[in-house]
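Provided herewith is a single structure, encoded as structure tokens, for subsequent inquiry.
Per-chain numbering from 1; labels A, B and C assigned in written order.
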Amino acid sequence: MLAAACAGAQTLPRTPDGQPDIQGMYTRNGVVGLEANPPENPIDPSSKNPLSVSNRGDGLGPYPGVFGQGGAVLRSGQSRQQRRTGIVDPPDRKLPWKPEEDAKRREFLLHMNPAADLRHVELNARCALPGLFQGEDGNNPYQFLQRAGEVMIAYDYNHTSRVIHLDGRPHVGPAIRLFMGDSLGRWEGNTLVADTTNFNGRVAYSREIPYLSERLHTTERFMIADANTIDYEVTIDDPELFTKPWKVAGYFTRVPAGVQSMEFACAEGSQTLVNMFGKPPESTK
Amino acid sequence: MKMLFGAITILACTGASSPVSAHHAFAAEFDVNQPVKVRGAVTKVEWVNPHAWIYVDVKDADGKVVNWHFELGPPNALFRLGWKKDAIPVGTEVEITGFRAKNGESVGNGRSIILPDGKELFSGGSAPGSEGGAKQ
Amino acid sequence: MFLVLSVTAGAQSKPDFSGVWQALNAAGWDIQDHSGQLGEPPGEGVVEGNEIPYQPWAAAKRKENFAKRATADPTDANCFLPGVPRATYMPYPFEIVQTPSKIAITYEFGHALRVIPLDGSPHPDGLPDAWMGDSRGRWEGSTLVVDVKNFNDQTWFDHAGNFHSDALHVVERYALRDADHILYEATVEDPKVFTQPWKISMPLYRRLERNARVLEYECVFYLQEERFKNAPFKK
């Protein structure tokens, strides 16, 4: 069966420099999933939680319903998939937290709603670069571009992009810290393997894991499953917070023809910090 | 054709949240203990990400006019469903329900928008008159 | 002197603009001739003819913008996206990733990003106004021509208050002078603000450092750290 799964890959086109050609526009699914015994999510709590704005049990979302439906256009024509998503290793989803770091993380969450200070504001709400895991995947596509020596992933969400360098260069030096990290990659058959370091400690995995540390080191595998699908798996190795690495899965699926990439300017239209905290002194905005 | 290289199929479970909630800490930004409902004429619509804004002139009890603004969802989603930037003409009378911002200003999230004829704006699906919206 | 050409399958040779580039001038502060002042370097202008043909009301508005530029410049004061062509001559590098069907430009300042289709598709109808506009590219011989429309009215062309409306239309031309230099031109037209189109031009220089790359200048984040460091604020 594995041979059948790979059969399509043998006939995939190649770029002029010989990479398997994965270029195009995709939706992303999965990636962010719940661990076992998760803490209560303070940002979007369940309807049982009196702090919830979105899930009040009255059937209404925070905004009129149509705003959640544009993502269906991105997915129209995609066949329904049963693919690996969320935390896949450990299989029981009990993440290998260092107990003191898990305790610190749970304490941190308690101060995010209301946000005690700027540091406790969810990174997405600040329009920070989303790192490798976040992004409003429901509504926003991803574009893959390839040329000799690099693969670029361009997100609609917050006009984010990352370049995975394939030219054998070394990582940047340790004094340079990045939201998106510094990515070096290589092709192994039909799998793009990307090694990323130099994160800046301001990278959230999910609502329940609001930060990963500067020692985060990821290994991603973009595995071409067929002409329209890339399976994705990332190993999250953060020795500051966890006793061993864990793995997350997701997948990318091509969007139908005619879907437009659109600008998603974030900070320019955001009033979030002012709505939370009030206007800063001597501010023009 | 079933793919076998993943022996376990796990669908991501992120709780009862709609895609629009993924971005944004609205629970930390808006106060469930301060529900609001206002009526007035639309003065401006900002068709921006991450959230569109609708501005409304509201007469308070003393007859004074206060301009409120309400946060909506991301407008890129609407474009894909055939809504264009003129979706809410300035001057439209609306009734908006939501929750007030935690900073206590005349700001809220726009949970529902009702037109004078009782119809709900953006209740779902494609824009009226658009050809082929989302195939759900 | 060599031109860098890439041979793409099934297509005639086109120059390859891929790489990390940067402008080397003072246009980000003022696109016209200007003297130095504290914190702002002097520069000879990049505007052909050195005059910007404002309509009379707009010339007055530009003077107002200049007077309050310290707080009113959307990019310098608020870290907002710089628009086109200002993104090209901000004093930060950008990377061009060129493929046969699309060209992406990622700018170090504020991770601004443009993806430019080369497939001949038209600007989509009814797009929300964009800070960086909507770009469509085509080849005229060896020159890359990028047509940019669908702007909002929020960006400035420089820190000196030169501005536009949402009717802005920019046509960029990128030509390789040699392997390490692009001759860049942008023709600006905006019938709501100017009496006629006008043009800027400048060389762009390839960043020749080994393993040159674009890093992150997350202006918005840094500004938040400063403005909200004592949050929450009492009413």
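Note that in this section contacts are C-beta pairs under 8 Å (C-beta built on N, C-alpha and C of every residue); 3 or more make two chains touch, one makes a residue touch a chain.
Keep in mind the model is a prediction, meaning the values are calculated, not measured.
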| item | value |
| --- | --- |
| Pair joined by the larger number of C-beta contacts - A-C, A-B | A-B |
| Chain nearest the overall Cα centroid | A |
| Chain of greatest Cα-centre distance to chain C | B |
| Chain B and chain C, separation of their C-alpha mean positions in angstrom | 32 |
| Whole-Å gap separating chain A and chain C, where each centre is the average of the chain's CA atoms | 28 |
| For chain A paired with chain B, centre-to-centre distance based on mean C-alpha positions, whole Å | 24 |
| Multi-chain contact sites of chain A, meaning residues that touch two or more partners | 114-115, 127, 260, 262-263, 265, 268, 276-279 |
| Chain C, residues touching no fewer than two other chains | 127-128, 235 |
| Of all residues in chain B, the ones touching two or more other chains | 48, 76, 79, 103 |
| Contact footprint of chain A on chain B as seen in their complex | 1-6, 8-30, 32, 46, 48-51, 53, 71-74, 76-81, 83, 99, 101-103, 105, 107, 109-113, 120-125, 133-136 |
| Chain A partner contacts - residues on chain C that touch it in the complex | 6-9, 18, 71-72, 74, 77-81, 95, 97-99, 101-102, 104, 106, 111-113, 115, 124, 127-128, 130-132, 134, 154, 210-211, 213-216, 218, 220-221, 224-225, 227-235 |
| Complex interface listing, chain B residues touching chain C | 47-48, 75-76, 79, 84-85, 103-104 |
| Parts of chain A lying in touch with chain C, wherever the complex brings them together | 15-16, 23, 114-115, 117-118, 126-129, 143, 145-147, 150, 152, 154, 158-161, 163, 165, 167, 169-170, 172, 176, 178-180, 182, 202, 260-263, 265, 267-268, 273, 276-281, 283-285 |
| Residue ranges of chain A touching chain B (in the complex, touch as defined) | 1-2, 4-5, 29-34, 41-47, 50-56, 60-74, 76-77, 82-88, 91, 112-115, 121-122, 124-125, 127, 136-140, 156, 206-207, 225, 231, 249-250, 259-260, 262-266, 268-272, 274-279 |
